[in-house]
Each structure stands twice: as structure tokens, then as C-alpha cells.
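First subunit A sits with subunit B, and in the next complex the same chain sits with subunit C.
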Partner chain A sequence: MSGFTISRRTMLAGSAMLLASTAMPTLGLAQTPKKGGRLVLAADSEPRNLNPAIVASNGVFFISSKIVETLAEASFDGKDGLAPRLAVGWEGTADGLSVTFKLREGVKWHDGKPFTSADVAFSALQIWKPLQNLGRTVFKDLSTVDTPDDLTAVFKFAKPTPFQLIRNALPALSSVVPKHIYEVGKIEDNPANTAPIGTGPFKFGEYKAGQYYRLTRNSDYWGKDEPYLDEIIYQVLPDRTSAASALEAEEIQLAAFSAVPLADLDRISKVPGLKVITKGYEGLTYQLVVEINHRRKELADVKVRQAIAHAIDKDFVVKTVFLGYAATATGPVPKNDPQFYTADVPTYAFDVAKANALLDEAGYKKGADGNRFSLKLLPAPYFNETKQFGDYLRQALAAIGIDAQLVNNDSAAHIKAVYTDHAFDLAVGPPVFRGDPAISTTILVQSGIPDGVPFSNQGGYKNDALDALIAKASETLDTSARTELYKEFQKEVAADLPLINVAEWSFVSVARDAVGNIANNPRWAVSNWADTYLAG
Partner chain B sequence: MSALHRFLRRPEAVAGALILAALFAMAVSAGLLFPGDPQSIAGPALLPPFQDWSLPLGTDRLGRDVLTELFHGARTSLAVGLAAAAAALAVGAVIGTLAGFTGGLTDEVLMRITDAFQTVPSFLLALAFVSVVGPSLGVVVVAIALGTWTGPARVARAEVLSIRERDYVANARVIGMHPLAIAFREVLPNALPPVLALSSVIVAAAILTEAALSFLGLADPNRVTWGGMIAEGRTVLRTAPFLSIVPGIALVLTVLGVYLAGEGIVETTAVRRGLS
Partner chain C sequence: MTRALTLLRHRLVGSIFVLLIVIIGTFLLLEAAPGDAVDAYIVSTGGDAGMIELLRHRWGLDQSELTRLANYLWALLHLDLGQSVTFSRPIRDVILERLPNTLLLMVSATALSFGLGSALGIYAGARPGSARDRFVSIGSLALYAVPGFWLGLVLIVIFAVDLRWLPIGGIETLASDKAGLDRAADIATHLVLPVSALGFIYLALYLRMMRAGMAEAWRQDFVLAARARGLSRRRIVLAHVARNALLPLVTMLGLQSAQMLGGSVVIESVFSVPGLGRLAQEAVAARDTPLLLGIILVSAVLVIFINLAVDIAYVFLDPRVGASEAGA
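After this line comes the complex of A and B, so read on.
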């Protein structure tokens, strides 16, 4: 019954808002933030471990970034694309062996203890480097963190580490957790992993499995007058079609991460009181990639891989699978990346005749049934779009005489089949570009990665020239020289096609008009929401 | 009056038979009317029905022809429904006959196994089986049969229990026939009619289970299925409801047709047996 009373109350409040918005049509972005209110939004997954310092993934950040803060956040207009959070300044030495962070004064943990450089040192050395999925690569050479005073942390690296990489890694990889909570017992089993304690604008309230997460206002937050909201409720709505209805019924005020299916956006954008926002995900670009198992002798031939690239109509994929909410890809770095992207790479126009010719040239003639050979195709099940692209790819391959047999798995089985058992010929994957190729992109093509590491090169691809290029870039300190090397890297990947980049996409938020300060940074959905407010 | 006449005098049975005939016609003609890959992209995506007469029922999210998919889906539905029902009836009849005819320990063991299968909801069993073994047409058939053979087994056993006391069975024993030969040559054929009466229910249930499994993504993804079409249409339910409604109607009609025709056959044969 409580569900009913909540929806009736929000319904009344919502209709009042609707009246207000029709009465004052100019009411909108220009208004001053208002304090108070409860923001109810849709959550489509329920991560068990909410510690962003261990599990650096968007599903975890979506909830925990409001509780646990990072040293810096991505920003549209800040220097190097960053805005200060727990750190107010950062400086790297020319030899790449040390980075000094100046920390914010007067920050308190949610349990009242002061935040100091010891917490940063502990998080970096005990969690980011040994335990975090992404930190393992970026911080692999971190040897010590000196804490000359409570507000200074000096990261010392055993080998030169590019300051550019550390800077680019800050928004996603530098969640700071309290030392005094985590120094007792095993870090992986700490109760704060499920009920996190941080410095952020919201405190963890409660979690009811299958129902909601509740975050409450941190009145001791360091930001002046922030946060504006009293409460954030993540209503668990695993069914994607229900998010749109819940928004229309005013049961929720926000659906981020494309919780509303793309096909519904056109209709929902016409509903009065709702707005569709495509901004705020610039720093969270997903890439639609065809992963290739180079152990198959046909696929080890670069001509076959080029033929597959020519067989894919990228414009069709963007237009039909993503309904225009995506961009075609040219290589392993997305077009919207301001630092590294280069368009100067070999490209593969949609050309079935050329693809057929390449396959003939490679010696795989069409048999009597029109087929050259069969492949096993495993589309990743995480997104509707990856599954649909799998259906499309099957048809695209049929057009060039490759018989692709689809194999559907659930998430766990897919990860095991592709990244541990290598039981695939082609797979469709959605890796994330995280602002620097060294964080999670080069690992997709470099060799020597042990079996079982998800979202890495498990296709048996080995290219010594490319490996050398990646190694050289990882120790090049000069920013422009490093950027040049990654441009070279893009060219090499696009030429040899260890994998095929098809498209790049981000997400879409749908919110009621009352929700203010949406999408004001490139990682808005996974930022701290200290300045988000509810008008009316 | 012949059985056919009696059958034809039941309008619901005739309606069922007509629907089934149409379904068979669809399944058989699918390859002739719509040759080639039914999943190939035929036109613009999300074309509504009755707009373009070369694509009368419109297209799905990738631009595949809904009518073609509907025809090829009829094949899968019928094939799975009939194969699963045949498997369930065969296994059930054999196990029921063995249990009923042998009696004693064999009966106990076989019937407790049947109980064990009956206590697990058949859909859950199918779900678990397919997720472990992996989805393919054969596996789906076995999965559905696993959950449905218990009904025929119980009916067959009950029937056999009464038949084995008849005189002709005793005669067969006296002339020295092998017990298995008696069970399967003399007893089983006479026990079959009530078992076969279950077939329409089982076929209908099998078609529905297959659709439900496909809806959940547990079907061979390289084959068109109605359940899969409904699931695919669900993501665009608000903007293109026809994608779910069209295969949904086909599914309802099929199950209804199988059930009505099956009932009609059972009723007419029951009347005949009653008269004779």
C-alpha cells in the first residue's frame, strides 16, 4: 500500500508542477536552485558492491558517486577538462615519477571524522592499485604515497608515468574511501562496501533489494549551501518499458542511462512536462565493437577482417539500431574525444561487392549453397542495442556468404564464453572509452593478457609492432608526443583490424521539467549531484 | 453416421480444424512463398502494417518483413509443438505401461520418479534445462517433453492396470508370450485412446511453452519464433504495438485451433466408442 500513497502524493505534487509550468512558460533553466525535495529516479540494475574504489563501473558510480567522492571530476570548461573535488590542485614533475595533490580543507567523512591525506594514501595503495579493476593498470607503478601534512599527498612512481594519464584517470579511478573504516579486516568483506561511507553530498540511507536505494542529505557537506536535495530515491525498475510509463505517471522524475528505450524517445519528447536530454554523457562513451577470435584461421587473414568491415553498413546501424543516437566509428578512439582522436586512419566504406572480392582473393570461394564458411557470433547481452546489432551483423555477413550462427548467453555465461573459454569466432562487445586510451582501450588489442580478464584482448591477436607502440606510449611523458603515439595507434588498429569499431554511443536522460542543473558536466549521471535541485 | 459427419456437425471443431489447416498451410508454404532467409532485411525499419503492399504486415526494428517471419515462425511453433507432444506421449505411454503391467518394485520406482517430475513446475524444469544445455530446437523439444510426459504416464498406467486383468491378457500369458511382448503388443494399443486424448492439451501447452521460452530469449536465435517476435516487439510496445500484437494473435489462434480440433476429435471418437 505504501507504494500507492507515494505515487498519489507525487502525482498531486506533479500536477501542481504541471499547472505552474503552464502558467509561467518562461520558468525554466534561468531559475535559482531551490532547496529541499526528494528526487525519485529509475535504477535498472542493483549492484551488490557499492564501493567505487574497488568496482570502477558506471553501474556502481550511478549510485555511489553521490556518497563517495573522487579527487577531481570531469568538467566542460575546467583546465584539462577537470573540476576540483577532494583535491584542489594537482601537479606532476617533469620526470613522471611524482604527482602532488593539494587536498580540500575542512572536509568531513559522514561519520564525523576529518578527511586527510592518509585516507588518500590508503585508498591509492591498498585499494586502487591492488584491487580496482581499472586502477590495476593505471597505478601499477605507484610505489608510495607521501603525506608531508594532512592536506598534501605525493604519489611516487617506480617508473615514469605520464601525468596526462593520471589526470585523465582522476574522474573514474580516484574514489577516496575512509582509512579508519577500511583498515580493520579484509577490504573486500568490509560492511562499508554495501553501505558506503564517504565525503559526498549524500549519505547512504538504506537499500531494499528489488525495491529501492535511499540516499539522504549530508548537512555537513563542504560545498557551500549544497546539496539542494533532501533525498534521492533510486526506484528499481528492471523492465525498461516501465521507466517511460513511470515518468508519465509522475512516479519518478528522472530516468538516466537510456532507461527509456530509444524507440520511445520520440513519443516521450512530446509529452508535456518531460524533457529529453542527450548531454551529460560526453565522458562516458561506449563503443560498439566486433571482437574477433584470431585463432580461427579464416579470421587470422586480414583480408577477411577487412571484408567483414566493408560488409557492415555503419550508417544503417546508427540510424536503425541506435535511431540516430550514436555516431559511426573510425577507430579505437571515439570522435568526441578532444585529446586523442584522429580521423586520419584507413576507413572501410560499406561495399558488399568489394567485401566479396576480398573474400574471393583470400581464397574462400562461395560453396554450392552460397556460403564460404560458418562462424559463431556471440552478441553481448548487456544492451538491447548490442543484441540488435548481433541480429544485423548476421544478416550483413549472410550478404557476403558468411553463415553466422548466433549464440545467446546471459551476462555471466557471455563473459565466460568470450573472455575465459574463447568459445567464439565473432563477438559484439560494448567497451567504454574512459578519456585516455591507456585506461581501458589499449588492453583490447595488446597481447600477453592472461585468460579470463574481461574486456581485454582474448581473441589471441598478437602484433609486435602494435605492442611496441603501446609500450612506448605508456612511458612517454611529453603530452604531445604521447598524443601523437596514440594517433599512430589508431592508424595501426584501423589498418590491421584486431577488432572492428562500428559505432560510438552515449546515453539519454529523460526528466521532468522540474529537475534542474541536469547534464552540467560530461559525466553528469555518475557525478555527485550536489547542485541538482527540484523546482516548483 | 460416420465419425467425419459427427465431427463436421460441431462448429467449434470445424473452426479449430480450419485454423489448424491454415497453420499447416502457412508452415508448409513458408519456404515457397518466402524463400531465402526469413530474417533478411527487406525494407525500412518499423514500417506499420497495411502501408506498403509488398510488406503487408510491416517491418520490425531492423526492417525485417513481419509476414515472412510470421510464416516461418509457424513452422517452428508447429514443429516444436508436435515433436514435444509426440515425445511426451511416447515416453509417458511406455513408462506408464511398464509400471502398470509389471507392478511391484518397478511400478513403485517408476511412479515415484513420475511424482518427482510432477512436483517440479514443468515450465521451471524447461527453463532450467534449456539454460544449462543451451538453446537449440532439439533441446527445446526435450525440455518441454520433460515436463509433460507425466500426465500420459499416469493415464496409461491407470488404463493398463484395468486391462492387464482382462481374459485375453491371461490367455496371452498361458500361451507363453514374453511379458514385454504382452505389455507392448496386447496391452498398450488398447490403453492408448485415453492417452491420445491428452494430445491436444499437450500440443497446445507445448506451443505456449515454446513461445514463453523464446520470449525469455531461450530459443535458437537463428530461427524465427513467435515468442521471440513478441519479445523483440516488447521494447517498442508503445510506438509499434503491432510487432507484438501480430504474432500474439497468431499464437492465440493456434492454441485455440489445436484445442478445439483436438476436443472435437476426442468427443467424436468417445461417442463412437460409447455406441459400439
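After this line comes the complex of A and C, so read on.
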């Protein structure tokens, strides 16, 4: 094992990092899975509502995906990138008006009651469609769910809905909660929102605010011999430096979602007994994007936007801001998406001379002080990297004669300034790509969205051709035709630059060598961990 | 005794006005901050216009500022601190859960800085200008200059990561089901590092006050008289010099309690202690106005009571104080 550690260290030092890490879980399989044990890991935030059917967000999934399961989970090798969970089969009709789910047999809720199609119907109609942050869009045309028997649920749509979209939405949007618990009283006030009851491999144990969440083994789980672990403890560590220290002191065994800052990874990868893993987040890709306020007359000119794109050295950003733990972006769909991505789009090489020429052409000559005009730049404060990229962008813009004034806000103030008040010229945002452009990507450039909707086009951009393309794709049922339309969409966005995609990144896990079966699916950190184990 | 009661009455009436000003001030300050609780919430979830409207309505944020302030004050009259939007729980419960941890941290750290600070102050002040006086004074000043979070991190690296003598953070071992004395010992172990980090910073303050007070007292006639009576140096230092220098330290104790509450925000974050300071920080980030108001209110009451206790202690320590207050 020690020889392996040294060779890994050498590999990690170079830029081969991403490649090296893909090989690691395979090496980890040499250990024999063992039953029992308590996995302690770092949690940096404390979601209060733990109901993933209402709040479909990674912060909530991180904890509740072990308790409440979805119909299907993302998979590296399954058909359409999916692995069955509560559903064992799914099929859509050609008219896009109905999808049939075959459900798993012999599944029980944590309180012992049987799981049936009635639970799926209730979750879909009473929660996903009216209450869920993402489901309100994807399931907006869902009209009824028929339950011919206990193990069949047939979703009926009022308007044709692409089966591909429903399929792609399953891992994040289809958490099923028990009808018998939620049909009493108001769903939003149900006590199960803070102490969830599900079908998953782990039961909710307790939550001590500011300290920990405890999940305990579900001995009645449907997965044969699963789960391996007896307990999972999420230790709340609010300070950015705590996770690394806690790993080194062996107080925790895992820090997911980049709880260990990128700058510490090099050092921590040299600590014996710890491994750095970049796999297992392929389905949770964040995009580093420059949001543009097209109400500013300078920025309404496509030449100016192209100039800004040429002024950004994407390779430098990946190397310096993300220390190599990212990839450069070409457009609104990330490179690692297996279904929709196309590289065949207009690109903007780093070229300061060309950027300057474009700005001259647009009629914004440099003044006596070397500046063409001034802009207000608001980097989102949610990640270290978005803030650091804000600093970089300011310098990059200075090089082409644009004077950017940084405005730093906290999260609530940033959301209000950008998405409600539109008090920005440029903003740096980290939108998430959720496996299908229709879930949360087209909304970034589409027109006609009311003020105040976060992570949407609030820059006043309107492009009729693009809007028509998005509308057409949303009602195209044929999978390959729909995919083609989204390739068109990527081309149009890259050409007209309603926003500028700079880089794509996922997260990094650091774990003790004993933790096994890490990163074995593309949404590992937010999957159910039924097969995660601690080697002796 | 009547002097103490008069003082108490005067102070309590004044305190109510102080509290009212604190509440209204905090409310307005938080209202002036851009973004509300819904803005803070949707950072991690996103959501469409309908969902946002629904949330604003549910959390009562569609009402005007004045209505909300009036509602809050009205509820407060009935001793109701309201409901936290981020925790969806009564604020009283949320605060009561955290208050003991912060009090434990504050009281222990104050005891450390006051006790050790004044002891070292006596040690240094017993022989002003000596080598040991200089060493202690400079050492404590260096500690005072160190930022709290840095001291905390260094303590963690040395004692928790490298030596592994002490836990890196938290208030007790997680989910350990310890009880009774076992649990008390466990909590004490967890408190060593945060209390040291918080206590050592304020140590210098007491030390230097003590030392300065003693230097002053040495020049007084009663010291000369004590010497003339042939008392031992030890007795002069402890019973005459140090005792006279102690009075201003008691005042400092009251003032310092407010600062400790502020300092605990940083220390609680670094050591992951689930206390009031960290809760306040979270409440600001989440724009949970009623929760923050509740925390400020509890802290203000705490500080007022500590200072009241100090004043009452003064009445007994120094007869002149109560007389002038009561006469005014």
C-alpha cells in the first residue's frame, strides 16, 4: 500500500491529476468490503429542510439521499446513464403524453409500511409539481398519475413532454416520500421535513444543531446485504480549515464537496493514509460563467462581448484559480456531458490584440487614461473560486482598457443585486448543469423571465432565434432530434454570447484509505451509499 | 442593603430603554442590508417566481417593515421571541440550546484571563521594573497582539493534529451517549483549546491593569505605614497593594463581558463550538431578522446583568459608590 501511495503522490503532482484519480477507485477495490462501522464526515452547512422532494439541492441530497431514495440514480455504465432504485423500469410513449414506471417489489418505508405506486403518485402530484424548486418546471404539464396496481405508476402529461427530459431528471428530481406521512396536515410544515422517513439504506437518527446529523442502518433495506455501514455521522465544521485538520487528526474519515480547500490538496495528498479523489461528481458539474447585463449599451454590442471573451485566458484560470481541478469551457453544456455536448461551436482564443481591435471597431476608443469605459463587476461569493476569478477578470479587463470596479457582497445581497435589482454590468456566477439543458440551463439565456428569479436570464438579453430554438426543443419528442436542437442551441449561445462560459468544475473528496466504494457513480456524494464501507 | 436595592431599581428602569434602543437599532440595520431571508435561502435552491412569492408570503416578508417591527415588539411584550425562518423552530428553543455553550466558554475564559492575569499581574507588580516584571509584561502583550483565530488554528495544529492530546473542536464527543461525570470530563477536554485561545488574548488586559494599579499603590502612604509597622513584604503585597489595585479590575470584568461575546464568534467558528456567536453569524447570513434580534436581546440582557452584578459588588467593596448613586 505504501508503494502505491508514493506513486500516486508523484502522479498527483503533475497535471495528470484528473487522469490519475480515475484509476484510483479501481485500485481501492482490492480491499474486501466489511460490514459495520461508523463513517464520520465533514458537513459545512446545515440544511434545515431535509426533504429532497421539496428542496432538490446538493446540500440537501448530501444528507437525505441516504434516507429518501429516487426512482433512479445516475450511473457510469447503465443504459441512458441510469441505474434503477425505486423504479426497476421506465418507458415513455411516442406521443410524449405518458411515462410508465415499474416499481421495485418488497420495499418498505422506515416505519414498516409497504412502499407502493400510491406513494409515487402522491410525491409527483402533491410535491414535485407544485412545491419542488426544479420539479415546478419539469413536471409543469403532469396532469395525473394512474396506479393500475401497487407496482405500476403511469404519469400522464397534458402536453407532450420529452421522455429524454424526464429520464434525465430522475436522479435529482424524483425523491419519493411516504404518502401516509405527508397526507396529514400541510406538507411544508410536516415534521418529516426535518426528520425524514424514506426507503433508503439509512434511517434518520438525530440532528443536533451546530454539531452533527446521525443516520443509522436500515436493517430492512431492500438491497441484499446492504448497507455495509452501521452509522453515518455528519460533523458540522463551519470553518474552512477544519476539515483538513479533522482528517489529519483522524477525527473524520471523509470530506466531500471540496470541504478541503483546493490549496490544501497538494499538502494533504502527501499525508499517509489519506487519498484525494476527483471522481464521483461528473453529474454535478458547476459552470464558471460571466453574466452580462445587456441593458448597458456597450455590452449590448456583440463585438464588446466577443472582446471580453478573447480577453479571458481560460487555461490560466483553470491552472491558477482552480489549480488544475477544472476544465475550460466552450459553451453552455459542459464537456463531460455524454448526451448533448458539442465542440463544434465558435471559440474565442485568448488574444488581447484581437480583443482591443474588436473594441476599437465597436467605437470604444481608449481615452487619455487608457480606459475605454467603466463597468461594475459582481463576483458571486458562494465559492472561493468565483471570488478569485472576479479578481482575475478585473485584471484581464484592464488589459483591454475596460475599468472594472469590483463590488463584493454576501450571498443574500448578491442574489438581490443581480437577479432582482439588476444592479450589475458583469457578474460572475456558478450555474449548475443538471444532466439536461431544459432543467436549469436554457433559463440562463431565455427571455421573458420575471424579475427576481435567481440563476436565470436577468441581464435583459433577448434573442428571438434563440428563444424559438429553446421553445422548439422543449416540445421535440424524438431524442436524437432534441439532442440536435440543443447542439444548435450551444452554437447560437457561443456565437452571440448572452453570457460567457469560462470553465467547468466539480468537487474533490478527501478520504482515509479505509473508506471503500467511493466515487462509483457520477453523483456519488449525493447518492445512497448503500455499498460504502470501512475496511478493517 | 437599601443602597443596593435603590441602585437595582435605577438600573432596571434604565435597562429597558437600552434594550428598546438595541432592538429597534438592530432591526433597522438588518433591514438596511440588501437582500432578505428568501434571497439568502434561494442561493442554495434556486426557484421560479411563483415559489419565491410563496416563500415571501409564508415567512411574512410581504408585510411592510413597520408592521413587522410592530408585530415583533407586540409579541415581545408577551415574552414571545417568535419563530426562526431558517430553523422553522421557536427562537427561544434555538437560543436556549446554544446559550449554555457560549456561557461555559465565556465564564471559563473570563476566569482564566482574570485569574491568571491578575495573579501574573501581582507577580510582576510585586517588584516593578524587575526582570520578571519585564518578561511577563512583554509576553502578555505579545499574546494580546495575536489575532484570536490564528492563535486558535495554531493551538489546533499543535495539540490536536500533531500531538493528538486534545480534540480539534466541538463541545463534546459526537453521538457518544456519555452521561454524568464522564460527559462533564468530556466537555472539559473539549473546552481546553477554545478557552485557552479566548482567555489568553484578554489575559494581558487584566495583567497590565493589575500591574499598573500596584505600581500606583506602592507610592501610597499606607504602604509606607505598613512597612513602618514591620509587616512582611508578602503581606504588604497581597493585603495592601494588590487589594487596592483589584478594584478597577472588577469594573473591567463587566466591560469585558461584552467584548468576550464578540470574540466568541470567531473562536466558536474555528473550534466548531455550537454557541450563540456562531448562531448570530448564521442569522446575519440568512437574514433571519427575528433570530438575530433574539440573540442580540439575550446578549444585551446578559451584559446588562453582568454590569449590574459588578455595580452591586462595588457597593459592597467600596462604600462611597452606593452613597453617591443613592443620593443623586
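Here is the rule we use: the second predicted complex is superposed on the first by the 508 of 536 C-alpha atoms of A that agree within 3 Å, B and C clash if a C-alpha of one lies under 4 Å from a C-alpha of the other, contacts with A are read in each partner's own complex, and residues count from 1 in each chain.
Definition applied: contacts are C-beta pairs under 8 Å (C-beta built on N, C-alpha and C of every residue); 3 or more make two chains touch, one makes a residue touch a chain.
Quick caveat, the model's predicted, so the values are computed rather than measured.
Within the superposed three-chain model, A:R267 lies in touch with subunit B and out of touch with subunit C [touch as defined at top].
After overlaying the two complexes on the shared chain, residue contacts for A:T320 are found with subunit B alone; subunit C is out of touch. Using the contact criterion defined above for the overlaid structures, shared-chain residue A:A398 touches subunit B, although it does not reach subunit C.
Of the two partner chains placed around the shared chain by superposition, neither subunit B nor subunit C is touched by A:V154.
Once the two complexes are laid over each other on the shared chain, residue contacts for A:N384 go to subunit B alone; subunit C is not touched. When the shared chain is aligned, no partner comes close enough to touch A:V352: not subunit B, not subunit C.
More residues of subunit A are in touch with C than with the other of subunit B and subunit C. In the superposed pair of complexes, A:N408 makes contact with subunit B only, with no contact to subunit C. Of the two partner chains placed by the overlay, neither subunit B nor subunit C lies in contact with A:A118. Touch criterion met: A:S242 reaches subunit C, while subunit B stays clear of it.
Shared interface residues of subunit A (contacting subunit B in one complex, subunit C in the other): 241, 410.
On the subunit A side of its complex with subunit B, the touching residues are 240-241, 244, 261, 263-264, 266-267, 320-321, 381, 384, 388, 391-392, 394-395, 398, 405-408, 410. For subunit C in complex with subunit A, the residues that touch the partner chain are 33-37, 39-40, 42-52, 58, 86-88, 94, 97-98, 153, 156-157, 160-161, 164, 167-171, 174-175, 269-270, 272-275, 278-279, 285-287. The part of subunit A that touches subunit C in the complex is made up of residues 40, 45, 47-49, 55-57, 59, 131, 133-134, 136-137, 188-189, 193-194, 205-206, 208-212, 214, 231, 233, 235-239, 241-242, 245-246, 248-251, 382, 409-417, 420-421, 440, 449-450, 452-455.
Partner subunit A is touched in their complex by these residues of subunit B: 37, 39-41, 45-46, 61-63, 131, 134-135, 217, 221-222, 234-240.
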